[in-house]
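Two complexes, one shared chain (chain A), two partners (chain B, chain C).
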Partner chain A sequence: MEGRLARLGLQAWSALVLLFLFFPILLILFYAFNSSNVESWPIAGISVKWFAVTWNDPEVRAALFLSLQAGLTATALALLLGSLAAFGVHRLAFFGRDFVSLLFVLPLALPGIITGMALNAFFNFNGLSLSIWTIVVGHTTFCIVVVYNNVLARLRRTQGSLVEAAMDLGANGWRAFRDVTLPLISTAVVAGAMLAFALSFDEVIVTTFTAGAQNTLPLWIFGAIRFGQRLPEVNVVVSFVILVTIVPVVIAARLTGGEGVARMQAGGRN
Partner chain B sequence: MAANAVLRPRAPTGWARAQALVWRRPWLRASLLLTPPLAWFLVVYLASLALLLVTAFWRINSFTTAIERVWNLDNFQTLATDATYRTIIARTVGMAALVTITDALLAFPFAYYMARLASRRAQTLLFAAVLLPLWASYIARVYSWILILAHNGVLNWSLLAVHLPAANIGYTNVAMWLVFSYVWLPFMIIPTYAALERIPESLLEAAADLGARRLRSVSDVVVPLALPGLVAGSIFTFSLTLGDYITPILVGGAGSSFIGNVAYSNVGIANNVPFAAALATVPVAIMAVYLLGAKRLGAFEAL
Partner chain C sequence: MVEIGSPKVNDARPPVQAAAAERPALRLEQVRKSYGQVLAVAGVDLAVAEGEFFTLLGPSGSGKTTLLRLIAGFERPDQGRIELGGQDVTSLPPYLRDTNTVFQDYALFPHMSVAENIGYGLRVKGVARGSRGERVDRALRMVRLEGLGHRRPNQLSGGQRQRVALARAIVNEPEVLLLDEPLGALDLKLRQEMQLELKRIQKEVGITFVYVTHDQEEALTMSDRMAVMTLGRIEQVGPPVEVYERPATEFVAGFIGISNVLERDGVRFVVRPEKVRMLVAGERPAAGLHTESGTVDQVVYVGVTTRYLVRLDRGEELVVVRQNVEAAGPAGWVEGKRVQLAWAPEHTFVLERAKNGGQEQR
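== the complex of A and B ==
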């Protein structure tokens, strides 16, 4: 029903919005190859020297290692707790289901600073010193919902009669779970784990309040930008973080046909 | 003997009996499964939130900065009476509103194109194109604007190329408005797109049959039906702006005290956690009111 002019206008507008969305991200990738240590446009020349410098920076390495450790541990915990919750909730026409879902999405729905400050107050109150474990606790708390949502959505779409059929054929509960349920939900579980890791690897707001003297990679970036130090290395690290967060998300999208990733935005987290 | 053993049913072991018991009683199964995750949330998260709320009613000793667990309303009184904090709250809410409006204006035509004009294939691609920046590192996307807006960045280079004066908007509230609008834009596009996609074509045909021109049917049919989606998106853009402290710290300059970074510096530098906690209740209270309004506009169905 749109006339040609309206159609053209909308097309142009959409192209501009896409440019707006992607230009800044692409620009960082360009700056990572800057041969100069001065951050100006146009970049002085193309070079990969900052990749080597960054890779050999012990601070960056330590931060990367901590991010990986915390991210993998939090993902494992979220996987366990999120799947348990999804299994617990799905078989019941359970009036508390909405309550459970709301509870789990709370750490993503409330502004991150509130979750961060609350956890910080909690650790201080209980005399727990901040360490990798407090980071893991924080990350697990907001990652559970991603696994929970993905697994629950898949469970709802699989037929309960399949499990019952397995049991009629003599499988016990565990066998039915291992041979029937698990293969059916495995891609949703993997997708949930991918998204949880991507969420954790990039998180900065809650982490600021739950990390002690150690830096995760996003915290290192935040500090470096804030004090304007080692910006050429920041360009490289930031490009790396973009890739590391996008790859698991693309995999997750493929595994769930896109819906798992899209639903995530309901619990928006920066 | 052997045949006999085959025919006789095996006596259930304790393990099998336990499995059967759990299978037959769904509530037992549910409570066994739900106990660990709910315990985690109760012990860690809800306890933390409750503690934060309680802390808001405590105070610090002004000499030692140690927290004194004495109930009082001093923090809230400061927030209500001190003009500085009223300005900060008003500035934050104003910024959140401005960002929300900007994103709605940017998102609506884009979502409209995506939902109603693009081919099926283009739709999938555009959807992915909106989701990718959402997942690409938040801090990276904030940082990219520091590069763009810097004195010798892309923006000024482009302006000079077309003989326009340089725009030095780095480290200002204008920069913050741009960055906020940029980082939260996907949150506005997705629910708006979802709402637009659900509008049946027949409604537009009916409007045309009744003599409505294109613009009229957009304003009288499409916009009202897309409104819940826009409001759903605004929940994110509004709430995320209210609580953010990274962007004010990194791209803000003078006069960029917002709720988020003031609370942040009260936790860190000033070491006044009770006051920071009281300040943090402000965005929560604002969002509670906002959500009530959004619910009335049907935004929750559009999420």
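== the complex of A and C ==
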């Protein structure tokens, strides 16, 4: 009887924690369907009119486009640099390898404000005007980390003798990579890319310091909330950001058995 | 060179007795390899004949696996020459050498089916799909895995994986097949089964096998010839009978089987436990036998045999093994009992390091 009571208590407690975590998010999703532009309880009525209004708002459209562009570019760069770094650290034994590995992971653990300020100072000092490219550079610094972590973890879990076996059977280095290494790490690469994009798509702090006059979607939300304008549109945009962020994270979790996501969060950002 | 595609099945050869083949399948000349300060292989010379089942036996750290990796091309020697079928391959990468390896951890590709694993070598070499499928099927039959070609490696048992690893190597018909403790991960029963199986397959295909193991019984039962290694060196090369009956050094004598090392009149010699007779009270030793007396110290019943530890009156301890032909110890050789031991001088062998050296009999 006591065991059952304890179990019930734990279940109730877990439900409370989940509610605490997700209630505000659910509320926003709910308000996105509010027919009135005043947030009151209960809502005046259910409507999708704000979706149409938001979709036709040129500012939101520009912000969305910029976010997608910056996110995809940063992800592509992170894929290239992050996997190369992972291969290097995995394959080569050199003095200070652990330290180099730590340096690769550091940008995710560093507070965003430090990365942002440092980049901002660097761009100013070199007379580089802030643009989409400065945003991409900022995002790439932490996107590299998730790709690097995912690929490196997979490489370490892959039997070293597999590549040797391929070469033993007549495959040269490139063929062994294509036939054996690549298929075995592919899901980790894809998961890393998904997480990188999700990180980039909702990033605010580093973006604040590296964006010029243009707004990414999170920056637009931030501005709109601060000035208290167009709150119904904000609810719609936030709902959209939640969706775009959660879907890749869920896919990544599936691809890596949950480890990849844990590694992303371990960095402390997001 | 073995031609790819030419089936060598049923090429039954007699076991090779001597190393002196015209053109050995594998020849090593003063091969050395060190890792930093550690000398893993310390100048090895070796010739393995075509079609031979050759075993490298040694304790862990003796350099046998390094030697195998040098032959496969995963490591480059610091010094020396490696020849395969008369061709110098010392500086060739593994993918250009006519060797294939059965790895200790099998190293099966987890993302490929059993058939794809076995056919990988042929695919890389550009063998057409049709004849590839045929050869894969034949290899599957040879290792008795017909019908499992579509499975993934993780759907197989340990013994089955071992067979796939073997088939994947053998299907390429290499000049030399290298096996790195392939049975190490299997349980005793399966291991003994696979020992016979491996021997059968080797006879069937006639490919030269170089087999690495630390298991002396495995080496004795399977090999045409074997090399005993320690500290990066080969101590003795020869057929199992010769290595067991006439070990060249104290290390070999101690590593293979149980050896009793005694010193009499300044000569160190070895006598195997099964060659020592224990005489029942009052029994006269046959003419020509050397006798010594002692006390039974310990009796260990091992099923087929009983092992007695006898303390000789002259000081040393001797292990004596008796077959349990009758139900129990017939003469009641219990601990503390006085016994007479006898052995024929021709069953002993003098160790090389003895003062007057050589292999003379005592």
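One rule holds in what follows: the second predicted complex is superposed on the first by the 254 of 270 C-alpha atoms of A that agree within 3 Å, B and C clash if a C-alpha of one lies under 4 Å from a C-alpha of the other, contacts with A are read in each partner's own complex, and residues count from 1 in each chain.
We adopt the following convention: a contact is a pair of C-beta atoms (placed from the backbone, for glycine too) under 8 Å apart; a residue touches a chain by one contact, two chains touch by 3 or more.
Quick caveat, the model's predicted, so the values are computed rather than measured.
Visitor: Putting chain B and chain C on the same copy of chain A, do they fit or clash?
Guide: fit
Visitor: Which holds for A:V53: it touches chain B only (first), chain C only (second), both, or neither?
Guide: Touch partners of A:V53: none, neither chain B nor chain C.
Visitor: With the two complexes superposed on chain A, say which partner A:V180 touches: chain B (first), chain C (second), both, or neither.
Guide: second
Visitor: If we overlay the two complexes on their shared chain A, which of chain B and chain C does A:S161 touch? Say first, second, both or neither.
Guide: A:S161 contacts chain C only, not chain B.
Visitor: To make sure I follow: the centres are taken over C-alpha atoms, the vertex is chain A, the ends are chain B and chain C. What is that angle to the nearest 10 degrees?
Guide: So the C-alpha centres give an angle of 90 degrees.
Visitor: May I ask you to decide whether A:N172 touches chain B, chain C, both, or neither, giving the answer as first, second, both or neither?
Guide: both
Visitor: Report for A:L110: first if it touches chain B alone, second if chain C alone, otherwise both or neither.
Guide: Only chain B is touched by A:L110; chain C is not.
Visitor: Should A:A118 be classified as contacting the first partner (chain B), the second (chain C), both, or neither?
Guide: first
Visitor: Looking at chain A, does chain B or chain C touch a larger number of its residues?
Guide: B
Visitor: In Å, how small is the closest CA gap from chain B to chain C once the two complexes are overlaid?
Guide: Across the overlay, chain B reaches chain C at a minimum of 7 Å between C-alpha atoms.
Visitor: Enumerate the residues of chain A that count as touching chain B in its complex and touching chain C in the other.
Guide: The answer is residues 167, 172 of chain A.
Visitor: Residue numbers of chain B touching chain A in their complex, please.
Guide: The touching residues are 16, 19-20, 22-23, 26-27, 29-34, 36-38, 40-41, 44-49, 51-52, 55, 106-107, 109-110, 112-114, 116-117, 124, 126-141, 143-148, 150, 152-154, 157, 182-187, 189-190, 204-205, 208, 214, 217, 236, 239-240, 242-246, 249-250, 260, 263-264, 267, 273, 276-277, 280, 283-284, 287, 303.
Visitor: Which stretch or stretches of chain C touch chain A in the complex?
Guide: Contact set of chain C toward chain A: 72, 74, 93-95, 99-101, 103, 105, 107-111, 120-121, 124-125, 168-169, 172.
Visitor: Along chain A, where are the residues that touch chain B in the complex?
Guide: Checking each residue of chain A against chain B gives 1-3, 6-7, 9-11, 13-14, 17-18, 20-22, 24-25, 27-28, 31, 39-42, 80-82, 84-85, 87-89, 91-92, 94, 100, 103-104, 106-107, 109-115, 117-122, 124-125, 137, 140-141, 144, 148, 167, 172-174, 198, 202, 204-205, 208-209, 218, 221-222, 225-226, 234, 238-239, 241-242, 245-246, 249, 253, 258, 261-262, 265-266, 268, 270.
Visitor: Provide the residue numbers of chain A that touch chain C in the complex, in ascending order.
Guide: Contact set of chain A toward chain C: 159, 161-162, 164-172, 175, 179-180, 183-184.
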